[in-house]
């Protein structure tokens, strides 16, 4: 594999700093997590965006959260067709193997993926319509949501929130999710992070709207 | 969406702690990242496992790394068939839109996904063979790698490292990755984290083996 | 320019080592920083002293910090008189052009410049009082701080910390600094590095004293 | 000093990583440097730019280099008028107190300060002409150099190199520099770093031109 390069020094240094501090302080706990396996309390589904590290926002310590991150924190609908569905695999593992008590879908402001979908829906992104555009095809999951937000005052923000609702609705199409929710073994949550001001709104089931917490 | 629940209090507390500390300390920078957009230096592809937070290990601060996390840090081969490929979408966005300089694939010890694949390959996991098993179908990506490790002394560890090699090889099947690597605009790296002792090994291109760093 | 000499071999070797390692590992990122310009998160004002490299202490990688180093990490008061003020120019560029989110003033133990000022204040350094002494005139910036520390048990250390306070107070006399601080676009910090034991204390706004971190 | 903030956590983490690694490995040497004082071999005069850390390029370890960094690595002419001259103070301290054997002026490509001066010289930067512009007044040091480069093919690069020559010529106007050079106790050097490709050229006294090393 001659195309691979050694780990860059700046990452080696970061690792060594972690090893000598956070790891050193917690080595007993880390060893125990290794021996006994993980037992995370919640699954978090968040965006890959470098500005939204849920490990920071929710102070995720080792062993607490099972975290899936993809473009625009989307969950596709249940489709057991034998093809590869990375997000569905993560949800299945979290719910059936790890039996997490919560799934939290975390969206955020200024989401590049959601903006791309908005551009597609409004005819401004022919390159994303291309069959070979992975980002375009991935964002198709959100496409049906455009109807609900097309008259919104702030369309990007409304669409980001619709992406969270879409993921939550799609989660409920998974039989094992629906069953665990019905049995009160699992609860689902949606939050939206405003990245400039560090705001957090959650989807309030009473009003079906997002509200600051 | 009556099946959704408000954000649990323990997460509200965590958020408020973050807001009052890390956010408050860095609000000017966060605002600027919001206004000017992200410019991450590297993409990291890691596992969802709650014991392997690359944000800790590499001290990832806001804006530095674009992070995709899925089961067993796998990248499927390039397959532009118009279906939804969340991992491929994340790679495409990182390389073509964000133009990251590095992609680091981070594997780890005691990986449940890799263990499941090993169980499938050795006939111990009929439930994962099922057409409807998302985890099983997802882990099929790694299946061809079994040949290379079936006689290893420590099969789980060898398979975890083979998963990293598989992802790196598959990354190179993406035309835009191959092109960026050839143009020296992108470099690929593989590391394996031993979670009990906090160890880190990287794939050394000189020997094609993993070596402690 | 017959008085100039070629670069000494020991520096050529150092450079070639860097080129073959750190540069080679990060060439894509360095090219991108060249093309798109720098976007440093913080300005650091530190001493020229060879024992206090803030690039080491804060692991500063390319592109992260805008660094001004002068004798005793001093910032003079705002004085827009049309004369040359190198430190004021650096602060102006960092705040108004680069819009850094933080300015960190880093002082240190055993500072030769501060010791010189102490000697002047106590009549032991007539040569520094001379009109033509650049070090003496530069250290005049700190001179008014002597009153606050003249009865301290450890006068050099107290004066080094007073130098940090003086710089921070002087920074606030620059209208663009004061405005950015008021708008919460910029925050100011003071730290003191004990070089023998590798200690770091920061100025705690709650107590107005330096405290170990 | 209620306007000061505690050190941000990301810098605390960086420091703790350094303390536990680089400091821990070298504590005996650091203690000795603290007790016996610094004895740097060279002074380096470099730019504040976040993309040009001479500590990286020349692998500067603790105690080796006395480093002054200002906008555009400029040295003003000798002017013992009793005013504050931070750069002159740094030069004076390096040559007369530390008795360094070398002064290396390090310029670089894409220098924002030099570009600003070019804009002034060509009438495109009235804001820098303002009496109150610290950057403008500081860059006045380079202004006389415009004549020599105004017909160059690549004016920014030619001006960056002229800035290095200007600093070297100005260094020789300091009596203590001139005397140390004449006594062969000090040698002066000029280098220019091309930041995209990691290139380094030095001023060759034989030709008075910059040449790759």
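For clarity, chains are labelled A, B, C and D in written order, and residue numbers in each chain start from 1.
Keep this in mind: a residue touches a chain if its C-beta (ideal position, glycine included) is under 8 Å from a C-beta of that chain, and two chains touch if they have at least 3 such contacts.
Note that the structure is predicted; figures quoted are calculated from it, not measured.
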Remark   = When B-D and C-D are ranked by contacting C-beta pairs, first place goes to C-D
Note = For the copies subunit A and subunit C, the interface residues, called same if over half of the numbers are used by both and different if under half, are different
Message = With centres defined by CA atoms only, which chain is the most remote from subunit D?
response = A
Message = On a C-alpha centroid basis, what's the spacing between subunit A and subunit D, in Å?
response = 46
Request  = Would you mind pulling out the distance in Å between where the CA atoms of subunit B average out and where those of subunit D do?
outcome  = 42
Request  = List the centre-to-centre spacing of subunit C and subunit D in whole Å, with centres computed as mean CA coordinates.
outcome  = 13
Request  = For subunit A, jot down the residues that touch at least 2 other chains.
outcome  = 5-6, 8, 13-14, 17-18, 24
Query = Which part of subunit A faces subunit D closely enough to touch in the complex?
reply = 13-14, 16-18, 20-21, 24
Task = Show which residues of subunit C lie in contact with subunit B when the two form their complex.
result = 25-29, 31-32, 36, 39, 41, 99, 101-102, 184-187
Request  = Show which residues of subunit B lie in contact with subunit D when the two form their complex.
outcome  = 21-22, 25-26, 59, 61
Task = Could you please specify the touching residues of subunit D with respect to subunit B in the complex?
result = 5-6, 8-10, 13-14, 17
Key: subunit D-touching residues of subunit C, taken from the complex the two chains share   = 1-8, 11-12, 14-15, 17-19, 22-24, 27, 30-31, 33-35, 37-38, 40, 42-43, 48-51, 53, 55-60, 62-71, 74, 76, 80, 82-94, 97, 102, 104, 109-110, 112-113, 131-135, 137-141, 165, 168-169, 172, 181, 187-191, 195-198, 200, 202-205, 208, 213
